[in-house]
Structure formats: C-alpha cells, structure tokens
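Next come two complexes built around chain A: one with chain B, the other with chain C.
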Partner chain A sequence: MADFTMPSLGADMDEGTLLEWLVHPGDVVRKGDVLAVVDTSKSAVEVESFHTGVVGPLLVEPGTTVPVGTVLATITEAGAAPPEAPVPEPVAAAPKPKRARSRGTSGPRRLRPLPAAATEQVRSPSSGATRRGWAWTSATCGTGPGRTITRDDVRRDSHPRPRVSPYARRLAAELGVDLEAVRPADGEVVRAEDVRAHAGGPTAAPAPTAPPTAPAAAPPATTPQDAMRAAIAATMTRSKREVPHYYLTNTVDLSTALAWMHDRNRDLPVQERLVPAALVLHAVARAAAATPALNGFFVDGAFRPGDGVHVGVAISLRGGGLVAPAILDADALTVEETMARLKDLVLRTRAGRLRSRELSDPTITVTNLGDQGVESVYGVIHAPQVALVGVGKVVERPWAADGMVGARPVTTMTLSADHRVTDGFTGARFLALVDDHLQHPEEP
Partner chain B sequence: MTAKARSKATSSAKGPLVETTYRDALREALREALREDDRVFLMGEDVGSYGGCFAVSLGLLEEFGPERVRDTPLSESAFVGAGIGAAIQGMRPIVEVMTVNFSMLALDQIVNNAAALLHMSGGQYPVPLVIRMTTGAGRQLAAQHSHSLEGWYAHVPGIRIVAPATLEDARGMLATALSDPDPVLLFEHGSLYTMKGTLRADAGAVDLDRAAVRRPGTDVTLIAYGGMLARTLEAAEALDAEGMSAEVVDLRTLRPLDDATIVGSVRNTHRAVVVDEGWRSGSLSAEIVARIQEQAFYDLDAPVERVCSAEVPMPYAHQLEAAALPQVASIVAAALRTKG
Partner chain C sequence: MTPQDARRTVADALIEIVPDADVDAFPASAPLREELELDSLDFLTFVELLSSRARVRIDEMDYPRLATLDSSVAFLVEQTA
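And then the complex of A and B:
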C-alpha cells in the first residue's frame, strides 16, 4: 500500500489546495495516471500517481488546503488486501463520488471504469467505499454476480454529499466552523444560520484554510494574481539573498542556424514550422547534458545533479505573472520535437493545465525576452536550480568572419549561474557549447 | 432641458402633495413634453379624437392641435417607421403602440432599424425616439392583449427599456426618455392606469439608470417591476407577519439592468425571489437569476426563486387568469421556501 500525498511542486511550495479528484475510491490506476488537480499559488496542476493499484478512501475534500506531504489517498497494490489504515482525523467531509471529467484531447490517458463484474465487489463493510461514510446496511441489495454488493449499490444507498449553501460554506470558512460538525437533519440543507449556531461552540475547529506557514514577508493574497505575485516575490527574494550569481554573455551568430531553419520549414506543414526559440532550447538542452554541473539543484549545502535534462521555459501568463514548466528530457529531442513540445507547453500553461513533474522538475531554465524587444536578459536563478539562460532578440549586426564584414542575424545569450556550484570557466564552456550547437543545427 | 432632466433625482420634488392617478401622471408628463419642446409630437392609433385607448392622451388634441397629436392608420410598422424617420430628422416623436401584442407588427422597425441605425450608420444617425405601449395581464383581455413581452425587448442592445411602477416614475420617466439620444421603450402596465396616490405638485424628470429599493428589509430580496411591484410590496407586508423581513427592489429600467442595486441587496439578505409577469422560460427573470449567481454566488444561502406567469396563453376566465399570474400568496410562498 502506498500513500498518495500532496506533492511539492516547487521549492517555494509548502502547502497546496486540492481542487478536484479525478478518481474515486475503488478505481484502478496505473503509474502516471492523473489522480487529482492541485492548486499551487501559481497554477492548477494535474498530479500523477507513482503507483499502480486500487484507490482507497479519498482523505481530503476538494477545496481544502493542506501542507505538502499530507496523505490525500492511499493506493493498494492490485491483489493486496483492502486498506486497513486508520483514517486521519482532520478530514473535511465525506468523499464525493465523482466522475473523471472528460476534457480535450491534449489531456492524459483517461481512467476507465472497470467492467462491473470485475473487482468492483464490496467484500466487507470495512472496505474502502463503506468506511468513508458511505452507508452500507443490511438493506443494501446486491446486483453483482451472486447478489454481491457492488460499489454502485453502495453509492446508490449511501447518503449524498452534505448539501451546504454557498453562503454557509463561506461563512464556515470565515468563522472557522467545521462543516462536518454541523449535522443537519436528513435531507436538510446546511444554511448560514446553522453555521452561526455552531460558531464559537465547543465543536468549532480552526479554519482548514488558515495557512500558518505563509511566508512572513508575503502580504495576505486576495486574488490568484496576488498569490502568484507573492510566490514569485518569495522565490526571487530568496534567490537574490542566498545565491551568489555570476553572469557571462556571448553573442551568437545565428545565420547558419536560421538558414537551416528556413530551409527545414519549407518541408514542414505550417503548424509544425520551427521558430528560433526551438533551436535555442535544443542547443541549451544539449549543452546542459554535456555540462552536468549546471544542470541540477543546490540543496542542503551541496549540489545534486538533475536526473535528466529538463529545460524550464519561462512563460508569461495573460493575467500577469509567469511560470517556468519544463520540457522533460529535452536533450533527447530533435528540433522538431522540441518545437512541438514547446507549443504544447505554452498552450497548456495558458490553459492552466500543467502536470506536476513539469513544474517540480526543471533542472535549468531558459528565459527568452527577445520577442519583447530586449537585447539581453540577466535573469535571476530559479533556486534551487543553479543556472538560468537569458536570450535576447535576434538582430542584424555587422559581423566580422574570416576577415570579411557582413550583416548577420545575432542574438545575445546570457548565463546566470550559481557560484557556489560552478566557476566562470564551467559557465564559459557551457556558452561555447551552446554556440557550437547553433553553428551545427543539422546534427541531431 | 436635457441636463435638467438628467440631474433631477427621484425624490427631489418638494412641493405640496396632490391626489392623482397613474393615468393622469402620464398625461401630465405628455402635456409637459409637448409644451416645453416643439420638436415633440405624439402619434398612434386613436391617440387624438378618441383620447387614447386608455384615455392617457384625453384632451391633448384639443390643447395642442392635430399637427402635434396625430391619429395614425392601423399599421404599427408604418407609424413606428415614420417615428424613426422623424427622430433621425431632428424631431422628438412619442409613438404610442396600443398594446405590446400589436408591437409585434413593428418588431422589424424597432429591432432592425431603431435599435441598430446608430451603429449601422457609424454613429451618424441617432434615433431619439420614445415608444410607449401598454403591457401586462389582469384585465380579462385574454390571450389577445395580456402579454408581458418587455423581457424580449430587454434582450436587444441599442434600446433602453423602462417600466414605471409608481406615480412618480409615470410622471418623470418620459422627460428623461425624451432627452436620451437613443430609442427608449416605455412599458405602462394596463392594470396601473387607475392606481391612485399622491404626488408632489412639482414632480418632474427622474433618472433612468438605477433600480430603486422600495422597501428595506434584511432576510430576503424580492425583485419586481411594473405591474408586479404593488403585489410584491403587499407580499413583503405579509412576510413581516411571518417574521421574515423582505427588501423590495423595483427594477424600473429593464435594460440596462442595474446590477449594483440588485446584487447589493442580495449580498445583504442572502436570499432572492424574482417576480416576473413574463413566462419563465428564457425570461428577464432568468437573466436576473443568472447575474445574481455570477456576481453573488458565495453570498447565497438558498437557490434563487422565481415567480412567473404560467406558460400558457393567458386564459380569459377570471379565476383562470388569476391562477396563471403571480399572486401575493405565490410570492410569499417562494420567499418562505428560501428560508428552508
């Protein structure tokens, strides 16, 4: 049996809000399936399972904010006994049976409900479905093979999710009233006056959303934009306070790379055509793979290399703020594949649909402000990463090569690196590698 | 005149109170408009010699002459179209359409021309037209003349829709409507013409932008307009006896809706009932409920209730007509349902 926990989706994240369950108890899941959507202060992230098995009780109700590491659900390996783990105490409400929402095509593989005759039988009252408030009584009629009681039978007979008016729910959060404690008569709706009657009473509990661990410097956030601004402020402040940055700059002649790109684009359908950013990301990924000391994290006073090259791409959001999700294993991609992944990443970022690994795993970040017209970017390292590459716009400049001066398209690339981990020598070698890759774009 | 009309608030009149009726207040507003602005003229079916189907314009032909109080042929499309043309040419026509069901014949002129000409002409041709018409049921006029279709018109951008429910608004809305550079449709509820009351002798123009809280309360917001306001106020009194304090909002202007007043009230009471004489499906009440949930969802302590007319062509028989319309008892029941 394994725990499915609130993940840390960034060095600055110490709590998260469960937005939505995409599974319900009894579902069979495979490693990599998306189980839930979690709101970090930056965006809604789909959280994947690291285990294959059967989902046990859902322990946290949507809308609840819990610290990183809190167990959200348990996953029992297929064939193992049903979970007997004690149910943690502060649980907001009974689980809500909910179907995985169907979405567009870019989403992950959908969970398929098992055939009714398969493992859906509820074997004893102590199994997952009945333990978490789903009433199982002797009156429940089994419709499964041999009149066994199936999950659907339990669900049909169970009490529905308590009905609470929107105002009562808000009031409960404000007054710190535990809605579980407000028990209305059967079928009745919990209204504001029921919540008020409980406020200050012996059953009152602290508001589940109170964030005791909020950074002292961050003012109370009132909107998602404010929350993101506060998160960026905390990360950047920490980086500038703790990380001794050094900066190296190199101007790269892009004429070969762009000529190759234009040539390549002639053979590609419009929607797959390349842009210079893909070439740059491709070159950075290769250079990072060859320079492990710049590809990883500085944690607990020591450098830890990344497990692969996951290039974070800084993407600004329409509502303000930015995120830097990763193109995973970017060093193994062709330029065309890099382009496709970049497009997909931008689309999903703007739609607020990123996967947890993409947010938590970047090993090096690229920020490209060339489109905004700047010539060079001296970026702040996204700690605990140890390097950030800034890319400026592509401009035509007089350029001397082989004793001749000509107009060439060039761009300025800047490396910001953590001096605790590397010295300028390593950084210079990295920039030279990037340059070299861009002079030989045809090499896979 | 424009500035004066716009600046006068609803309750600025200070003169002595005089006894009057909704019909007399409307007539006084017409008389004032004809007297103060020679671009204003009134036209419609039977508005002259007969004095108006509901006697609103009685005596105006004699006072202002046939040039300015004009009887028209029975062709709504033609005389509403003529009004649009006159408005474009600089006049300030007041066109009376006898009842809202007849306005269907002028729908093309109202929706395709009056509402859109300013936009279609790139801002060259504003249409400063006022169209008055009678709306609503309750007088045994059956399926022929009992519609409440003002909600349809409130769907259309480019026109303003107002519904006076009080003597003050009957007296004051016309002047402000005339000062509006765009078309204004003024819906007079047929059951209100005989409504008696008192009005300040110097009552005049009122604003057309804000809904009005006609009765303050704390436990539920009752939202109504036009012919439904009086019985909604009555329901609020009845709710008092049930220990429920109802706030009554009179929409006054159906387009554009005054979201701030509606939502502001619901934020205080946490419950709402919309009373709309129109049919429920696709109605103005549906729009109001949608806006409440868009803007005040987390303030709601109960689903928003609606009290609308039964979805049938209006019956003729007195008791069937009463059963088809929102009544004090049905409003009270809806309000109590929100209490749970």
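And then the complex of A and C:
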C-alpha cells in the first residue's frame, strides 16, 4: 500500500490546499495519472500518482489546507489485498503548519474520510463535467462503524454540501467568504459571482490576518499576486543568501540556426512553426545532458545529479509573477517536439493547469527575456538547482568570421552556476556545448 | 473580408491572447508586440488565429505586416480580396 501525499512543489512550499479530487475511492489508477488538483501560492497544480493500484478512501476534503507530506489518500497496489479497514492518518501526526496563509481557508478543518458510497454513485471517469465539477450526491450513507448511519450523516444530507466550482472556492478563500454561508438555489453549483455577491454582503467574514513569521518574510499576502510575490521573494532570498553564484557569458552567432529555422517554418503549418526559444531550449537540454554537474540539485551539503534532464522554463504570468515549470526529459526531444512541449507548457501555466512533476522536478532552468528587449540576463539560480541559463534578445551585430566582418543575428547567453558544485571550467565547457549545438541545428 | 470584419477578427484574436486588453480603445497604429507585451509565442498564437479565421496563409516574411492593428487589418483585407 502506498501513500498519496501533498507534494512539495518547490523549495518554498510548506503547505498546499486540496482543490479538487479527480478520482474516487475504488478507481483503478496508473502511475502518472492525475489524482487531484492542489493550489499552491503559485498555481493550481495537477498532482500525479507515483503508483499503480486502487484508490482507497480520500482522507482530505477539497478546500482543506494541509502541510506538505500529509497523506491525502492511500493506493493499494494491484493484486494486493485491500486494507481491512481504512485508517485515516491522524491529523495530529502531521507537522503543524507554520502559519495559516491569510488567503487560505478560514480555519482549521477536521479531516475525515469522505463517504465512499456517496462518491461511487457519481463515478464517471469519462465525464468531463464530473471530472471538473466535483459532483456530489445527497444519497445518505453511513460513515459510522459498520457503515451505520450516524447523526452527522443525516445532518449532512438534510443540508447537502454545496457543490462549488474550483474558481469560486479559490475566490472564497481570498475574500474570506465562508462557503457554507453561500447557499445557491437547490442543486445549483456555487459560482464565482455567488461568492462575490456574498463578499459584499454584511455576513462576509473578515479575512484572517497572518502574523509575519521570519524577519525576511514579505508582508502578509492578501491576493494571489501577493502570495506569488512572497513565494518568489522567499526562493530568491534563499538563493542569494546560500548559493555562491558565478557567471559566464558567451555571445552566440545564430545565423545558421535561424536560417535553418526559417527554412523549416516555410514547410511547417503555422501551428507547428518554430521560435528561436525552442532551438535554445533544445541546445541547452543537450548540453545539460553532457554536463551532469550542472544538471541537478544541491541538497544537504552535497550535489545530487538530476534523474533525467528536465529543463525549467521561466514563464511570466499576465497578472504578474513568474513560474518555471519543466519540460520533462527535454534531452530526448527533437526541436519540433521541444516547440510543441513549450507551447503546451506556456498554455497550461497561464491556465493554471500544471502537473506536479513539472514544478517539483526541473533540474536546470532557462530564462529568456529576449522578448522584453534586454540583451543579457544574469539570473538568480532556482535553488536547490545549481545552474540557470539566461538568454537575451536576438540582435544584429557586426561579426567577424574567416577574416570578414558581416552583420549577423546574435544572442548573449549567460550561465549562472553554483560555485559549491562546479568551477568556471565546467561552466565554460557547458556554454561552448550550447553554442556548438546551435551551430548544428539540423542534428536531432 | 470587409475592413469591419477584418478589424473584428484582429480584435477577437488579441482579446483571446490578452484577455484584459482594451482593444476598442487601443491606438490603431501602435506597435502591438510592445504595447500588449506579446512574447514570441503570443505573437505566433496571433498569427495562428488570424490564419485559421481569415483562411489565409501567413508566412514568416509577412510578420512585419502584422505590426499594428491597422496594418494587420489592411493585410487581411488584401489577402482575402
């Protein structure tokens, strides 16, 4: 039997809010299937299973904020006997959250297993509505010993739990609205406008305020942007405090790479056309695979190489802020595949639909500020990663080659690396490899 | 495609990419990429949307024609004529 726990999706995350279950007790799941959606300070994240088996009781209800590592459900390996009786992880055993995020739920909630029978009745894995909408039946079912119907069950069913859209749930948490108080018409789903209407009313609960904990902590977060700002602040402060950065830069002639790209783009349908960023990411992934000392993590005083090359891509969000999810196993992709994965990643990042592995697993990160018009970026390493590649804009510059000067498109690539793990020699070789790959874009 | 249809097509595409953009108040001759902070992927999406909705082929060499709202409208009108 394996535990499905609240994952750590970054060095700065110590708790997360379960937004939505996408499976039900008794469902058969495979490793990699998405089981739940979790809200972190940065994004809603789809959390995947690391195990194959049958889902046991769901131990945490949507809307509950729990510390990283809390067991959310158990998964019984296929073939193994199911557990005699579901034993929910006692709440007291979990480490106490350091503080309630002010945008979090309005107070501690009792954790208890969801009634299995109720959820099984609406199980319909193929139905998008169920998958997204978290349907809930009001059929009374017993949760007492031997499935006897308890007083709680009856009370719950006479006031069925309102169905709430994930966005409304998030908004309610932000505005400090008690969802129990937002009562839509019978059977209706609570939507964002219901929450907003309620927030304006006299019954709106005041948003709880969280006292600052550490001196370095940002002021209490009140909006998703504030929360993200605080998360970025924590990560970057830690990196600048702990990681001795060194920086190397190299100006790369992109004329061959861009000529190859324009040539490919003439034949590709517009949906598959390439942008220079895809070529750069592809080259970085290849170079990282050949330079294991720059691809991994510095944890507990030692370097741990990454399990594969997962290239984080810094993606700015329209509301402000930054997320750097990974293109997984990027060294095994062609340029075209890299492009497709990049587009998909940006789309899902902005829609708030990232996978947990994409946030927890980047082994090296690329930040490309070329579109914003800067020529070079000396980036801050996303610790515990040990390297970050900054890419500036593509500019035409006079370039001497073979004794001749001509105008060529060039970009400046900057490596920020952790001096505890590598020296400039390794970093220089890495940048030379990236350059070399960009001179031979036709190589898969 | 009439200029009105073309303008609607361009505006709809921009709103899809930048949902909070006030396209109606947007200066018709301002550079789109800078004003709306479109990165290269956003711009590619813009090209994709125009190409599929106006049913025109847009090559990379045509991208400079899509620099502003006005020039994009003119390009679509011309290509669909």
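Quick note on the criterion: the second predicted complex is superposed on the first by the 309 of 444 C-alpha atoms of A that agree within 3 Å, B and C clash if a C-alpha of one lies under 4 Å from a C-alpha of the other, contacts with A are read in each partner's own complex, and residues count from 1 in each chain.
In this text, a residue touches a chain if its C-beta (ideal position, glycine included) is under 8 Å from a C-beta of that chain, and two chains touch if they have at least 3 such contacts.
Bear in mind the structure is a predicted one, so any value in this text is a computation, not a measurement.
> One more residue to check, A:His262. First (chain B), second (chain C), both or neither?
second
> Please name the chain, chain B or chain C, that touches the greater number of residues in chain A.
C
> Which partner does A:Val395 reach: the first (chain B), the second (chain C), both, or neither?
Neither chain B nor chain C is touched by A:Val395.
> Once the shared chain is lined up, is A:Leu342 touching chain B (first), chain C (second), both, or neither of them?
Second partner only.
> A:Pro276 in the overlay: touching chain B, chain C, both, or neither? Say first, second, both or neither.
second
> Of the two partner chains, chain B (first) and chain C (second), which one does A:Leu317 touch, if any: first, second, both, or neither?
So A:Leu317 meets neither chain B nor chain C here.
> Just chain B (first), just chain C (second), both, or neither: which does A:Asp371 touch?
Only chain C; A:Asp371 stays clear of chain B.
> Looking at the complex, which residues from chain B come into contact with chain A?
Its residues touching chain A are 270, 297-302, 340.
> Can you check the complex and tell me which residues of chain A touch chain B?
165-170, 188-189, 191-192
> Under the stated contact criterion, what part of chain A meets chain C in this complex?
Chain A residues touching chain C: 262, 265-266, 270-271, 273, 275-277, 316, 318, 342-343, 346, 371-372.
> Report the residues of chain C in contact with chain A in the complex, numbered from low to high.
Touching chain A from chain C are residues 18-20, 37-41, 44, 47-48, 51-52, 58-60.
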